[in-house]
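Across the two complexes that follow, chain A remains constant while its partner is chain B and subsequently chain C.
Presenting the complex of A and B:
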């Protein structure tokens, strides 16, 4: 739907370098990266608020690099909501239709169902200054959706909300994407939001796009060590391939040996990514399993977090496993306990260090 | 302010007292406040005495003229009701208002551009140029305006061709007032625009508003209070101008010129009565204008 072709632009201390990306129709596209990476600038560039210094922006194959924001049908919701403080809620929501030439009465009638849908109808005559954060957020979203945009741009929409409101809002966003078929681009630094919502993902670090692809792939099989640590892969291990037999490689990680599926040749430096979910712990008699990587070690710490617990095991390098709390209780896992740790060779994502 | 002062006083008496006050006992607080004199802060007292010298001059001056004028109300009324004085006051206020209207028309766009432009050498230069009338002696400002707008001046010559004369004419008064008052309006307006987050304009634009529509529907309404206070400042500066105006337009008499003229010809008696009339009218008008500010641009606080 919208495409960036080697776009560069500088804005104060921010810089986007040679960013190429493609947002498809119906995608829920996440742009993630650490703060200060230039995510918001990228979002504003999609909206047409910054003119690139070089590169092209395409919309449905047509070049729109110089098209002003009001012609793009791309609505933007900022982190701070940016409601117009001089207008009532109803005026805020109908603003887009009004400036596009619709009469006041028609515009109000048009947005009435939206107010109902977002649960803000009772606030219609209030000024934004008197609303709570969650209410303001819903007004901002309704205002953006009211103009029926082709693309909805969201700048960290959840970061200023309390956890309960966040859950509600995530449900709202899912509905907008699935039921209304809206293309959504969301900037975020939360991996959790990406897990819950994203279909596609781009990782941007220091103004450069370092990874792009299907959300599941980026999250579980990141392209570089940097991306892996950013998307929160719990176990990232550097090692050397010692042998490779038909794609099953043996990797030496500081004396610890892992088997992993990769085309990396012997002698190559690689980084192994293992999600904590894929690390299985067992206690007692060794049972035969298909997992290629197994080792008996000692539990270092157990940190409970809601229904799950994070167990850290010293295996020469520190490895993290995520288990249900019930498993932790049944296995009697406490610091000092001996466990057998296993990881399937296919659960290890291998990154070539050169890339 | 007043509340804050009370709290501080209470706190102070509490810390200094050997027997701390039981919290919430109003009677005790009052009793302690009666002893406040013991704990006079001599630094603040000294500052107040020195400050009183400044306030005192204004108070004494106004008291002085009030007493003398009220001693002869018949003369005061006669002068105040004379068509010359009324006409001059109306002329001055009207010319000032015209200058302000021109400033709003042309100064507002300038202020917006200055508020939104990224820092650059050009922006710095324009800002300095805007401030020039502030630092010039008024006679110099008046002379600059005169030289530019006189019948043989760069702008005066072509404009007199189309019948617009500035020398000793109302347009000259207005243009001189506009020149000296412009920094007050432009700077106040720019400050107002700077306070409106760019995000609001960005959102308006993605919703389909062009740059001007976004400015007109979002930025300007949110800066109304600054526009208003800038206009009042500029107007006050404009109607008070004397030296700048007489360089180009000695006639028609604005109020300052009239007072000066009657001071040098009729002497102190008449000029004092005119001055007192002006004081009363100015106070009245500025009081009204300030009152009106409260009801304008009430969203400013929420930006």
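Presenting the complex of A and C:
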């Protein structure tokens, strides 16, 4: 649908470097990256608010690099909602239609179903300053959707909301994406949000796009150590391949040996990425499993977080496993307890040192 | 008449003058309000669009222009009076307008005096509308003109507060209207110049009466300002 072809632009001392990406129709596209990486600038560049120095922007194959924002059929929702404080909710929501030339009465009739849908009809005559954060967010979203955009651009829309309101809003966004078939581009730094919403994902660091692909692939098989660290891979281990037989490599990580499925050759430096979900803990040493990596070690810490617990095990290097609290209780996992830790060779993602 | 402290006596007489709507007090008050309100109106007419222009357009030296405007907030009024006197006197380039020692000349002088203040405050008021809001408006499909109009509309209370401050500076100002107006009885005498003159003549009751009115106007402006700022 929209494509960036080697787009570069400067904004003060910040530079967006040679960014190429493709957002398909109906995608829920996440742009993630650390603070100051250029996520919002990229989002604004999609909206046409910054003119590229070089490169091309294409919409359905046609170049729109110089097309002004008001002609792009996009709508942008910022983290702080950017509502107009001196306009009532109904005026805020119908603003986009009004500036596009629709009469006041028609515009209000047009947005009435939207107010119902977002549960803000009863707030129609209130000013934004009298609304809660969640209500303001729904008003901002209704205002954006009212103009029937081809692409909805969201800049960290959940970061200012409390956890309960976040859950409701995530459900709203899912429904909007699924039922309306809307193309959504969302800037976020939350892996959890990406897990719940994203179908496609780009990672941007220091103004450069360092990874892009299906959300599941980027989250579980990152392209570089930097991306792995950013997307929250819990176990990132640097090692050297000592042997490779038919694609099953033996990797030495500071004396600890792992087997992983990779085409990395003997002698090659690699980084192993192991999701905490993929680390299995057992008590005793008598269970036979198909897991290629199996070692008896000691629990260092157990940190409970809601229904799950993060268990850290000293295996020469520190490894993290995520278990349900019930499993932790049933296995009697406490610091100092002996456990057998296993990881399937196929669950280890190997990053070549050249990546 | 109460005998005793001349200040207390003057204060009591002043209240009597106000209650009795003394013709001289009424005439000076009306002239003051007329001159300063008219000056504020014309200054707003000029400064608001210019302030908006400075805010919305990027140009080299923009920062210097804004800094200069802010410096001019503290411009000594007697300097403005002197410059305007030279401009409006017979030897000056605008002498042919015959505005010296007329309310018209005082209006022009006060207009010049508060234009930088209103321009600077307009820029500040518009800057209060953040970048995200500006981008949101544009992305929702607003043209450049619609974006400008929406931002001005959203900043209207802050802009109004600036205009009220400008009026406050104009009506409380004495130096320039004294020089350009000449403080002529029945023609160019306003609250501030009348207070100056009557105090020097030990006519305390009239000075205090005019002072109370001037303070009431200032209080009214402050009340209006706080009401506007509450929005």
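Points worth noting:
Just so we're on the same page, the second predicted complex is superposed on the first by the 354 of 355 C-alpha atoms of A that agree within 3 Å, B and C clash if a C-alpha of one lies under 4 Å from a C-alpha of the other, contacts with A are read in each partner's own complex, and residues count from 1 in each chain.
Operating definition for what follows: a contact is a pair of C-beta atoms (placed from the backbone, for glycine too) under 8 Å apart; a residue touches a chain by one contact, two chains touch by 3 or more.
All figures in this text were calculated on a predicted structure; none of them were measured in a lab.
Applying the stated clash criterion after superposition on chain A shows that chain B and chain C collide.
Of the two partner chains placed around the shared chain by superposition, chain B and chain C are both touched by A:76.
Once chain A of one complex is fitted onto chain A of the other, the partner contacts of A:128 are limited to chain B, with no touch recorded for chain C. After overlaying the two complexes on the shared chain, residue contacts for A:143 are found with chain B and with chain C alike. Looking at the shared chain after the overlay, A:85 reaches both chain B and chain C. Within the superposed three-chain model, A:99 lies in touch with chain B and with chain C [touch as defined at top]. In the superposition on chain A, A:47 contacts both chain B and chain C. Residue overlap on chain A between the chain B contacts of one complex and the chain C contacts of the other covers 44, 47-49, 69-70, 72, 74-78, 80, 82, 84-86, 95-96, 99-100, 143-144, 147, 153. Against chain A, in their complex, chain C makes its touches with residues 130, 132-133, 135-143, 146, 150, 153-154, 156-157, 231. Put simply, chain B touches chain A in their complex at residues 197, 199-200, 202-211, 213, 217-218, 221-222, 299, 302-303. Residues of chain A that touch chain B in their complex: 44, 47-49, 68-70, 72, 74-78, 80, 82, 84-86, 95-96, 99-100, 127-129, 143-144, 147, 149, 153.
By the touch rule above, chain A contacts chain C in their complex via residues 44, 47-49, 69-70, 72, 74-80, 82, 84-86, 95-96, 99-100, 143-144, 147, 153.
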